[in-house]
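Common to both upcoming complexes is chain A, partnered first by chain B, then by chain C.
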Partner chain A sequence: MLILSVVVFYFARWAPGDPLQSFYGDAVESMSSEELAAARSRLGLDAPIHVQYVRWLQGALHGEFGLSLKYKMPAMRVVSPLVGNTLLLGTTAYLLVFLLATFLAVACALHEDTWLDRLICKIGTAVYYLPPFWLGVVLVLVFSIQLKWLPSSGAYDVGKAGDVFNRLRHMILPLTVMILSHLWYYGYMIRNKLLDELRQDYVLLAKEKGLTKRQIVWKHCLRNVAPAIVNIMAISIPHVLSGTYIAESVFNYPGIGALSVASAKYHDYNLLMILVLITGALVILSSILAQTVSEIIDPRIKETGVSAWQR
Partner chain B sequence: MAEVKDPRFQVVGINWKARPQTAAKPVPKRRLAGKPVFAFVLLLAIVLGCLFAGQLANHDPSGYYLQNLNEAPDSSFYFGTDSLGRDIYSMIWYGGRVSLSIGLMSMVIITALGITYGCISGLANTGVDAVMMRIMEMANSIPTLLLLLLLMSVIGKANAVTLAAAIGVTGWFALARLVRSEVRQIRNSEYVLAARCMGVGFGRIMTRHLIPNFVSSILFVIIASISSSISMESTLSFLGLGLPVDVISWGSMLSLANRALLLNTWWVIIIPGVFLLVTLNAITSIGNAFRKGNTKKPSNL
Partner chain C sequence: MRTVLELNNYSLSFDTPEGEVEAVRDVSFTLKEGEILAIVGESGCGKTVLCRSLLKLLPENAFVKSGNVRLCGQDITACSERQMRRLRGRKMAMVFQDPMTTLNPTVPIGKQIMEALRNQEKLGYRAAKARALELLKLVEIDHPEERLAMQPHFFSGGMRQRCVLAIALASHPKVLLADEPTTALDVTVQAKILDLLLSIRKKTGIALVFISHDLGVVARIADRVAVMYAGKIVEIGTAEEIFYDPRHPYTWGLLGALPALAAERGELRSIPGMPPSLRGLPTGDAFAVRNEYALAIDYEEAPPMFSISPTHSAATWLLDPRAPQIEPPVRIKRRQPL
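Up next, the complex of A and B:
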């Protein structure tokens, strides 16, 4: 994460976009060169890059991440109320994606090479290649503007922040976009894993015992596939996080994804820095979590040590 | 000599040659079975349309027809006009040129970087390989879109080439990983060993021995990277970080979608989106046809 922060910092300061522009707005153009220099030194932008970085790092270790140049508030204060929103959206989408993907995969595996399997595969692939932002816009067009069923933006109506039902209504469309744009990618992976599993010998034994197809898949195969699913889930975290960026931007959902896009647009580097760090932390934490879960599910991983995990 | 009447017999002499059995010509239908003909035809139509944009377009794609703002599709503006008064029908073909060429450029960059990195990592000794893989894992753990946001904010005002470069530079990790695992499988074969013993350089081993042997198994990833790059371009342009509105591409046409929502002009949103969608799906299904058919055992279920 330290390396990440150095890279981002240097990158950000090379950028041609002038941070002063977003801090003072159009006033920059009417300032004289002395005023400009004074403004620069006030914001600490005149020091060499490595001095700026050390200064930033010292602040960061004390919990000070600098001012957001656009919002003119400490960056931390801009970000903190939004993290929860994104986590809520991201986690719900993430869990639903894998729940639905597993169901679809089982449905496909039970009916391998029948019309059902082929239909799900075809539709799934087509939907997966829909650009998610376009899907979002079309959903707004249909459900919010034509049918007026669902709200098109925000996380809650004004003054209804605590209303659970209101929040849920706002989450339906972003969730749909995120789920549809990731579902089949993982569904297909799980389906193929399941199909491999169905060719193992123990399936024959289970069949001889008189178990039904359904029982075999749910009780035997799915358990054996579970570690692989958890593995896929761990790798997929950054991928799903990318999805929140698009979904949040399309629906103006107040979260860190939409904020990252905005801060990249306005060259608001202090804000962008903290967002990158938060994202990095989320990814690292969740992969540790995934590793723990897969050790619980499949004790073999623990015995063979790290090597099996990093295979 | 008596004439042979029975048609089952024939006279053979010293110069007789067995007439080769005229092999039944494969029926075209059968030869094309399992190949994405439909997708190919669609893609060909779109590519040709973009190449001959000058002949197809009936308006200036960058002209602002200010008296025809937000006009619904009619006989003059086949696909309507957008909120700036531009003719969407003409823009589709000119925009397709930009979108498709961004896809191709990014594909070239992704392929070059991915194959080179993968080959180096695959041929290197364990230590170097481990370090290179760790770097990849780190890069892979950051969402691609975030990396792109960073890059685009650094680049500032983008044009088609810088955008394609940014997409290419952030998109090669998956390919490199695949190439590495392929190289690992063939690095110990005799011909690679022999080439090394004879002192052949890395570049020559890569181009003459490695690439021809794994190209078939990575081809579908390379083709898929065209469609993912086109999709990335449109996403970035939509978010306002890609091409500006006056550079026409399918993505920048869609960046007017938010305004179109307020005006309820569906054609601004749907039409470029459908073109994008058809192109992406066509490229993908062509790519999937290059996937090696797996030999499946019958299921035990």
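Up next, the complex of A and C:
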């Protein structure tokens, strides 16, 4: 986390552009150089980068993340209402992606090398390679502008923040983009893992017991693939999260993803830092969680450090 | 004694992109209740494929080319997957080679045994559990109650094979196909598993097809022996006949390669060459190129089965009355009883 914060802190400040622009807006154009220098020192932007960093770090350790330059209020206050929105969108997409991926993978594994499997594989791959930005724009064109079925942006209509149905309607399009752009990547991974499992000897024994292929895939193979799926899920959190950020930007969904992009654009350093830290924390927490869950599913991991599917 | 398993001119091939692979060619034998038939041969001669094909556990590109299989009087050659599911475990069961991989590593042993019982016998949870305990006792596993809940990785190889055996025996099958059940185990454990198989046969009257490449193991357990080469049975007879009156040069070669016989000369013998690829077999006898006694006709026409006694027959032109009389090598005749 510390390393992450240092790297982002430096890189953000090296990026060309003037943070004062976002603080004062167009007024910067008409300010004299003395005024600019005064503004800089007031905001602490005139000190060398490492001094700025130490200052920021001291604040951060006390829970003070500084002022957002663009919104002119504490960065924490800007971020906190949006975290919920992102988590809602991200988690829903994440769970749906893996749920659907697993179902698709099982369907493929059951019908390996038949037309169904091939069709799913081909369509899945084609859809996966559609750029999410483009996909988002197309969806908005069709469903919001042409058909007027779904809203094109925001998390809820004005005054309807508590309306669950309204929120869901706003989530449909971002979710669709996120699911379509991640689904087959993981679906294909799980499909191949399942097919590997189907080649294992224990499948023969299960068959010899008189089980159907369906029973074998659901009861035996999926169970054995589960730790692998959980591991993939853990590794994929940053991937899906970045997908959330893209979807948020495309659909103007008020979440920390769209905000991150904006804060980087506007040189809103303090805001960017807190967003980066939140993202980093999420990634680390999810890895710990995944390790714990895998150990519960496959007790051998705890004993040997490697799981069965790595052997 | 009733005949439980009967193969008539059974041939099985695989359809592959490189052409047809004839894995099993014209195999015929019968198996009676309580009998142990061993099938021996080198790796890749089609033993395992034969075994798995009987239960239809092969990939979809395998197809029966000719002949038929009768299990307990019923012709199962053309059985659908659905019909086979009813036969598997109930009439014919199988024990696989490697007990380390045939059990699902994440599922407790008890559950894996009970799965067979609940599926085949439609037993309820309690009944299945009671029967699973019974089975574990039958295969001589101590403390079965505690072990039901354990996963396979707590078990040794021998114990795992016992568990696989328990699963195979769950629904009182008439025929047990044992595909090299002791090959992956060390020697002392091997002996115990063999004794167990014999005692189970005594208790249940089950018939066994015992596949092995280890003639020492076969000598210990088999009533009858079939020697397989390149997908074909080249010699079949009672264990006595095969071990003490072998007629096929390939059988001589196998027996000559036994380490027990190497002691006198201090070196291990082997059959020169490799078994042929089963894709595009040559005309004539597949063994001819490795056979030091091969006759000209061996390269032109495959030998038929010559009957030596009602129980003993071999496929080699040496048994044709017109062939030169060739004695088996001295080392085969002189050897000590196994």
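One rule holds in what follows: the second predicted complex is superposed on the first by the 304 of 311 C-alpha atoms of A that agree within 3 Å, B and C clash if a C-alpha of one lies under 4 Å from a C-alpha of the other, contacts with A are read in each partner's own complex, and residues count from 1 in each chain.
Here, a contact is a pair of C-beta atoms (placed from the backbone, for glycine too) under 8 Å apart; a residue touches a chain by one contact, two chains touch by 3 or more.
This is a predicted model, so every value here is computed, not measured.
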| item | value |
| --- | --- |
| Fit or clash - chain C, chain B, common chain A | fit |
| Partner chain(s) touched by A:I296 [first = chain B, second = chain C, both, neither] | neither |
| Touched partner set for A:L285, first chain B, second chain C, both or neither | neither |
| Touching partner for A:V276 - first (chain B), second (chain C), both, neither | first |
| Partner chain in contact with A:D201 - chain B first, chain C second, else both or neither | both |
| Partner chain(s) touched by A:R223 [first = chain B, second = chain C, both, neither] | second |
| Superposed model, chain A: greater residue contact from chain B or chain C | B |
| Partner chain in contact with A:V127 - chain B first, chain C second, else both or neither | neither |
| Chain B versus chain C as contact partner of A:T212, first or second or both or neither | second |
| Partner chain in contact with A:S242 - chain B first, chain C second, else both or neither | first |
| Chain C, chain A and chain B - angle at the middle CA centre, rounded to the nearest 10 degrees | 70 |
| Minimum C-alpha separation between chain B and chain C after superposing on chain A, in Å | 5 |
| Set intersection of chain A contacts, chain C complex versus chain B complex | 200-201, 204, 207 |
| Chain B-touching residues of chain A, taken from the complex the two chains share | 3-4, 8, 11-12, 14-17, 110, 112, 125-126, 129-134, 137-138, 140-141, 145, 152, 195, 198-201, 203-204, 207, 213, 216-217, 238-239, 241-242, 245-246, 249, 260-261, 264-265, 267, 272, 276, 279-280, 283-284, 287 |
| Residue numbers on chain B that touch chain A, as the complex places them | 138, 140-146, 149-156, 227, 231, 234-235, 238-241, 254, 257-258, 261, 264, 266, 269-270, 273, 276-277, 280-281, 284-285, 296-297, 299-301 |
| Footprint of chain C on chain A - complex, ascending | 200-202, 204-212, 215, 219-220, 223-224, 297-300, 308 |
| Chain C - residues contacting chain A, complex | 52, 55, 57, 85-86, 88-90, 93-94, 96, 98, 101-107, 115-116, 119-120, 151, 153, 164, 167-168, 170 |
